[in-house]
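In what follows, structures are represented as structure tokens.
You will see chain A twice below: alongside chain B first, and alongside chain C after that.
Right, the complex of A and B next:
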């Protein structure tokens, strides 16, 4: 099969990759050797990060998901694989629905149980996440947050690895809520694919700007594929929710037309 | 894997939306989702899609001995399966309460309504009857499994053809589809289930509830009816009190819905029948593009063919001529003889064969080059060259003098040379080359 023939990772940026594909990395043994000799300690500048959907193999990078191969240059700018060779991040942009907790991700969880000092939250992963009642802004042993089973909570993972139960908090490092906490009783929760969430969260996303022209609404996006929407009325909430769900399979043109049609009526 | 819990906020929102007579997908209260029926390549296989709910139905048959108390009736068997593929909440190999309920309802809807003529499934009374098995698999759970499953079951049964049998005295003959066309089952009527979800103690009523609506509903009423407006089964679950009027309204709605669905089923069956007769693409095959190659790759690799000619000539020039050692003639058959394993031909016909080949070289030389290029590998090219040298030192097998009848030739081929075919090819090549050499 042609697909299994190893190819240079640079050349395949922006192309579709399949699980089992092997991506070769540009060889840089002499450069590494030099650096080791000159500066044995300290972080390497040209460090290559192996992102989601890729695994380090004996020959190079092994693809574990199907999707588009992406690359970002070492300094954070989109390198587009311009032969920088050393450093940067490779990852696979795939469409999936199953969420795998990642440290630092902001997600929407549903409280499933109150067990003593901790709440159990369903985040759509393989295991429930735990959330301490003290991990809310201004919460003390006396002043407990009012959380009921079935409530929605927007929080952040501080522990997420494959061997341990994921743990969430609703405060940032300085103890502020920073937008996190319990989500109000109104509004509606929809589930979309993880790819759409990433698209919506990308800086300067047009979908939300377009929708904002329709009506004012509140929106919470969880990296686990859950979106909470609230508009003035049930009807408006439903419209926003349905457009967001449909965005998955619409081109920018179609979306603009749909929004224009709605704003007329 | 546990089912994702329904949050309070979803519950509240859904109930408020229902109060405002609005549904998530923009349907009216009495609207069904889109129904799509597609058939498999085999008879008795169909997929029914009801919105996002998909059910695969497959009917199979078997000759078995009948139940002792019903000696002249065939056996109908229904089995619905909920696999984790449909929803992560379903566990494999466990009979959940929902599954038992759905299976029981299906049986009541299809077997107890006597929609299939079981008497016609009898082959030899008390000895052999057909057992018809309907397997239903839920492929995706989007709510209202029972409606989709009942449609899938009846469509699969209508689509199914069983092998023809004939009974002559004691002898039962089973015909393959090639010998005799398979026969359809005799179906009296088509019962179809229609589900109603009740909210707020029966204040609000929705037809064809989606998965989310099913999770907030108070009670469910399932009515199975055929197009003659005969109720086949009615079941209410969830423990709600229903008024007589409500049930009557529901049965009226059912009548309308069943008529619509029956018409759709008949259209789908007729369409499939037509396409099958015409020999066009039918079943799931219609969704598969016609042998289109979706991915194809040729990796190019350069081959150096510049000095092939020179190299070959060089090798020929360097090569030592074959030894003149004459072996004892071998007598293969009366009137034929062979000398050595391959010695220069000194027989008259050699001249002719040379003449024949004389004309070929100009045409052939490019083709040999093509050949090496097609092989696409330089190593193959070099191998070819090596072969030539070997054959050369081996001397010309081609020129072995054989004047023997067919049978004897075969004998020779069997006993002696494995390289027979290859050497013939390369031998001619080499000869031609030596020819050009001479010309030069």
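Right, the complex of A and C next:
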């Protein structure tokens, strides 16, 4: 069948893929696997990573989500589908609303319960995440962080897999807060789609740059689709929040016009 | 914008794409979709190919569910909302895969035995298509609302469910589609029958077919027929 005939993965980069499609890899995966096992542990040159929306099948990569197929070269540069023989990352860029916890993601959680020495956080996934009271900067058994039910917390997943309860921390590996922790009392939290968050977090995002020209404001972006905004006045906060919500379906042109109109008034 | 293609998103051409997949599913001729569509058109005009009613589809029209779609096949229209993966009741929890809950709401009144049996059929089809093992101990809830029923309701619900699952971004093995066909007293086959044709038919058969191997995921028969199809 033409619909399900396997095609070379590099030919499909930038195109729409559908669940059930099979993508062939240029290098023989078996031979590759053999070499990986013999070689010392660590990231290697010829290693191919299969990202979200793709699964390893017997014939090649099996697509499990609809969206655009993307590829990034092994050295981190965006290769437009050329020279993918030596490894790199393939993934499917899809629109989604529901968050599934991923290890290392920075998210905004809402405290729902305090149970002994852990807090329960709603992160928008299928299960509540747990956060130890010791996982804050400068926290000791004596010096507990002041966390109340309903507070917003910006943290990072250290345990996130399908079989276990996700676990978060608010410190990095050297014990520093590094921007994480409890988010202040005022400000405004909005929920957007995961695609928009990824767009906003992309390096050199124009939306943030455009908005930054209006007036100063604070912004926290969680990979789980939550955005916290705070500007000098409530009115300014709401303006930023509304633009961020609306810009998902706006073109760059429309957004520039909207921002220009605001900066005049 | 560093990723300009993202503006278009995957959902824009989906209705057209799905229509194509459906056509492809009916007639498994390879070699390029354009040639196939032209061939299809010729056969359609000559009356060789049974006519389908017009298909209209809209994705992501509801704001609250994680995935939503409205699917219309002629006068039959179904609205679907997909929630998941979400938290699940301990009593319904399955430790190695996702729990599916399907609710089919009729146009008027409360769901009865008929709806319950349809729910089970859709549920089993979804379980076959969705990679439930990737989200163990969670629930995937599918709510279907019948807007209008003009025949071929089960196949319309199946198609709506598939588009809803796609919109929710759940991991799928393959896509699936539903086809209803009616056999009349003379043995003539009508695809996608209307309510009137269904009533006059000797037998009404509904199949769910997956997009990769073109295998039957679910079948339902009403009336009598031989092993002819």
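Everything that follows uses one rule, which is that the second predicted complex is superposed on the first by the 244 of 265 C-alpha atoms of A that agree within 3 Å, B and C clash if a C-alpha of one lies under 4 Å from a C-alpha of the other, contacts with A are read in each partner's own complex, and residues count from 1 in each chain.
Everything that follows uses one rule, which is that a contact is a pair of C-beta atoms (placed from the backbone, for glycine too) under 8 Å apart; a residue touches a chain by one contact, two chains touch by 3 or more.
Everything numeric here is computed off the predicted structure, so don't read it as measured data.
Once chain A of one complex is fitted onto chain A of the other, the partner contacts of A:238 are limited to chain B, with no touch recorded for chain C.
Within the superposed three-chain model, A:110 lies in touch with chain B and out of touch with chain C [touch as defined at top].
Of the two partner chains, chain C is the only one that A:95 touches; chain B does not reach it. Of the two partner chains, neither chain B nor chain C is touched by A:172.
When the two structures are aligned on the shared chain, A:189 is found in touch with chain B, with no touch to chain C.
Once chain A of one complex is fitted onto chain A of the other, the partner contacts of A:148 are limited to chain B, with no touch recorded for chain C. When the shared chain is aligned, no partner comes close enough to touch A:59: not chain B, not chain C. Comparing chain B with chain C, more residues of chain A are touched by C. Common to the chain B and chain C contact sets on chain A are residues 2-3, 5, 126.
Looking at the complex, you find that chain C touches chain A at residues 1-3, 5-7, 9-11, 13-14, 17, 21, 24, 28, 30-33, 36, 60, 66-67, 83-88, 131, 134-139, 166-169, 171-175, 210-214.
Of all residues in chain B, only 1-2, 4-13, 16-17, 20, 22, 24-26, 295-297, 299 touch chain A in the complex they form. Taken together, the chain A residues at the contact with chain B in this complex read 2-3, 5, 110, 112, 122, 124, 126, 148, 150-152, 183-189, 228, 234-235, 237-238, 241-242.
Of all residues in chain A, only 1-5, 14, 16, 18-20, 22, 53, 55, 64-68, 93-98, 100, 125-128, 162-163, 195, 199, 202-206, 251-252 touch chain C in the complex they form.
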